[in-house]
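Shared between the two complexes below is chain A, which pairs with chain B and chain C, respectively.
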Partner chain A sequence: MDSFDVRNRIEAIEELPTLPVVVTQILQATKSMATNANDVGDLISSDQSLTVKVLKLVNSPFYGFPQKIKTITHAIVILGFSKVKNIVLAASVFGMVKQPKNSTISLTDLWEHALTTGIVCRQIAKHRNSGVDIEEMFVAGLLHDLGKVIIICNLPDICTAISENVRKKDCLFYEAENEILNFSHDKVGVWLAEKWNLNPALIEGIKCHHDPLAARGDKEIAFTVHAGNVIARALDIGSGGDNKIPILNAKVAEELGLNVPAIDKIMGEVLIEIEKAKDFFDLIHSQN
Partner chain B sequence: MTNDPVNQFEYQKYFDKLVVFTRSLQRIREAKSYSDFISEIETNLDEITPFLFYKFYGINEDQKSLKIISELGPDELTIDLNMVQWSLSNDGPSLIPFQTPIDENIKANILIPVVGAQPFGVICLWVDYETSGFNIYIALALKMLAQEVASSFSLMNLTNKIKEQRDFMECIIASVPSGLFATKMDGTIVSINSNAEILFNVNRKEVVGKPYMEVFPEKIASTIYTLRINAERTGGVSETEVEYEFSQGNILYLGINASIIYSESGEKLGYVIICRDLAISREVVKLRELDAMKNDFVSLVSHELRTPLSSIISYTELLLTPGMVDSPEESNEFLNIIFQEGHRLARLINDILDLSKSESGKMDYIFAPQDINSIAKQSLRSSKPLAEKKNIELQEVLAENLPEVSCDIDRIIQVYLNVLSNAIKFTPEDGLIIVYTRLVTVENKKFIQVEIKDNGCGISEKDYDKVFNKFEQVENVESHSSGTGLGMPICKNIIEQGHGGRMFIKSELKKGTSMFFELPV
Partner chain C sequence: MLVTIDKLKVGALIRSEIKDNTNKVVVKAGAKLTPLLLKRLESWGVKSVDVEPDREDESQKPVVEVKVVEKKAQTVLDKELVIKIAKKFSNVREDPLMDKIMRLSIKHLSERQSKIK
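The block that comes next holds the complex of A and B.
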């Protein structure tokens, strides 16, 4: 099976996961500097269920605002455009596809892993204080395994074969994919992200999370997502389709200043953040 | 999206706006003073968004209390600490609905966290608009402003820390009780302490940045040059002493050392040169020597005093003890000994007093013109009985027509007698002592020189100094005498300090000694 073949198959999929129109509009709107809080607020408010989800999430302890946020526009001005945009994304992706019957991998587990990775990436970015938008890092972590979602939902036969391979060889999902497909979910994720018109930095994160040194554009995001994925797996929250912890690239660890005590500290903080992000996990469960 | 002409226009508009804004932000970083810095912040805020009031809260180190850094608004308008702490946990500005009876125009409050390596504080704006006034550009611009302020704060803290350290170093350098200065490898002065300024009569402001060769006195500069070369060669410290005329007639002995300043990586950065006034250390050495001499002197004096005293006491005891004296002759003999020892004691005490007087310059001299030859004759007469005891012949070879000299006759006789009695003491029986007088010229000055020459045991050259040291007696004398050991030092003092003359010795072992003294005419 070569990559073209699979790509053709993916391209041919009629029901490839799509973002709700309103989410695409919000992503578009937040690219313009003239956009004000009311513009975004109106967009979100046009989708009743999104509004409810977003209001629940903005009031979660994860964002820690000392008062209750009552309206979407307030949420936008209080938390900022970036956070709200990412909340919208998170609220939309969790429920965008349905778990196929007889699937070898649980989507709930995969989203839990994705969310944990997002939280770890955000925490690493907080420590780095390198000027990057920490909320962007959160989304990059959240979306890094987008390719796996497609494999699970749209290519169930291939997914089963890979899982079989993982079980037989006791290897990473990624390694098993490469053996069977000659490529892996990172590539599939990029195809989808490009289709969704996500920004290039996010795509770099998806593309290089298993091979961070190959990153050409935004190295910071690729490195952070790579490390975030490893640490999230080490925390053993959710599942990525295997029981192994990928190896943390030494150069990435060095670049990000992630020595053993730093990783230890971040893991401790992430556990607290996960506690605060309970509303997000609840959302995964209610959507799947 | 960039193909959309409206959007492209919009992009260009905001891009231009941001370029202008970035330039304006630069003024915060380049502010010359703290007040300029604060006013630049206010100006920039005003450019981003209109506001009613403004307060810049700094967070104290405990992270639990606030201080006002600057403000433009009524005192009663304040912000909740919880809000500040929450804002500091964000990485961008937030607009929060805010209503207050203080001013009904206030609709919202913008909190802008200022966070660098650590949280510095929160800039707080009270605005008259709600959500609609807040767009992505404003949020971005406020975030950029906060980053600029935070980095300026970090820079200020760093600068203060560096300044503190530099001040501390300068205090250390200034407190070094020596002249100290540092140069680059090319000899340009980079730092100089106040002691060095005083020492070389220079002004820091004028010499820093100049080569030391142009600034310091030639002698010092060339000394430092040699030291530098040596330090360079050895890689260590090079040291020397130099006489330096600090001011007219005021000569300092300087100990100068130069060492290379190395950076942490071993690179040569320059030299540090330290100049010490050695007078202080020399003075200390001299004082220590004097102290040791005083101790020796005291123990010697007490020893010398005790000897006659114990004779006196024991003979008196004998005389007082019934049945111990056999005959009147014997008691007479004892009394004689007591008498002589008493005299010796008196002589000793006189000598000590004389010496201390002459050394401290308190001896009184009565000067009058005198004929040295007649003093010589008088002294020889007085010494005759002593010489005859050892059958020593006393001769005189006196120059004729000698001018008179101004001197204290009693003191000069004292010198004659002392020298003669020494000569007699150290000359074996049947010896010969000759007294010469002559006129000599030393460095264009005329002196009458007296030489008292014996043919006794003589002393070696290395012991010459001992002759004039208190209580010292030359070891290899054949016949030990009962002298006080103070005679010669007293004589030397009388001649040299008292009369501005000179006293010295020439001798040869087994052949004899000549003692000279000269008095200026």
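The block that comes next holds the complex of A and C.
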């Protein structure tokens, strides 16, 4: 099976996972210099269900605001444009596809792993304090396995073959994919992320989470997502479709300042953040 | 040291008591492993047992060294966690950083488990 054939199959899928129209409009609007907070507020408020989800998340202990945020406009004023945009994206992805019947991989487990990776990435970014947008890091981690979602939902025969290979060889999903397809979910994720018009830094995070040294331009997101994936797997929450863990690249660990005491501290903090992120986990369970 | 059931040897001294699902002690610490006991352990689905190290047999390397937890009631559960995590890291333990991450993983997950209890 070569990547061209599979890409053709993916391109031909009529029901490729899509974000709600309003989310796409919000992502588009936030790219324009002319957009102001009211425009984004109006767009979010036009979708009642999204508004409820976003308000629930912004009021969760994960964001830790002492006073209750009652409206989207209030959320934008307090949290800022970019953070609200990322919360909208996070609130939308869990429900974009349904668990296929007879699938060998649980979408709930995969989203739990993705969410944990997002939380680890956010914590690494906080720890580094290098001025990067920590919510952008959260979304980058959350979306890193987007390609697996397509494989599970749109390519069930290929998903079964990969899972069978994982079971037989007790290897990483990524290694099993490479044996069968000659490429892996990172590539599939990039195809979808490009279709969704996500920003290039997020795409680089998806593309290079298994090969961080191949990242171009600003490597911060790719490095953080690579490390976030390893630490999330070490915390054993959810599943990436296998029971193994990839190696944390030593250069990446060094660049990010992830020595053993730092990793120890981040792991402890992430487990506390996971308790605070209960509303995110509830969202996964209610939508899958 | 923790030894998987398939590598246990008759005559080994059991170091930590073994409990069943209802937390009842079924084998006391200090007991000697007999052929009958080994069969029973297999039938109970025990995956590994904490035994005194056999110094003559270097092939019986521990899956991972585990500090005996203070609360005896948690011993069995924590060992299951250790085995699960050790299995997850089995392909990467030669990497010094990954070996340390594995130990951190066991530490944090054990603490989390005891908090939940």
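Here is the rule we go by: the second predicted complex is superposed on the first by the 286 of 288 C-alpha atoms of A that agree within 3 Å, B and C clash if a C-alpha of one lies under 4 Å from a C-alpha of the other, contacts with A are read in each partner's own complex, and residues count from 1 in each chain.
Please note the rule applied: a residue touches a chain if its C-beta (ideal position, glycine included) is under 8 Å from a C-beta of that chain, and two chains touch if they have at least 3 such contacts.
Fair warning: this is a prediction, and the values are worked out from it, not measured in the lab.
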Of chain C and chain B, partner touching more chain A residues: B
Touched partner set for A:Asp264, first chain B, second chain C, both or neither: second
First (chain B), second (chain C), both or neither touched by A:Asn243: second
Partner chain in contact with A:His226 - chain B first, chain C second, else both or neither: neither
First (chain B), second (chain C), both or neither touched by A:Lys53: neither
Chain B versus chain C as contact partner of A:Ser82, first or second or both or neither: first
Contacts of A:Lys207 with chain B and chain C, given as first, second, both or neither: neither
Contacts of A:His74 with chain B and chain C, given as first, second, both or neither: first
First, second, both or neither for A:His113, with chain B first and chain C second: neither
First, second, both or neither for A:Asn38, with chain B first and chain C second: first
Sites on chain B touched by chain A in the complex: 1, 7, 10, 14, 80, 82-83, 86, 89-97, 108, 115, 117, 130-137, 139-140, 147
Of all residues in chain C, those that touch chain A in their complex: 84-85, 87-92, 95, 97-98, 100-102, 104-105, 107-109, 112
Contacting residues of chain A [partner chain C, same complex]: 171, 230-231, 233-236, 243-248, 250, 253, 260, 263-264, 267-268, 271
Chain A residues touching chain B - in the complex, by the definition given at the top: 28, 30-38, 41, 64-66, 73-74, 76-82, 129, 131, 133-134
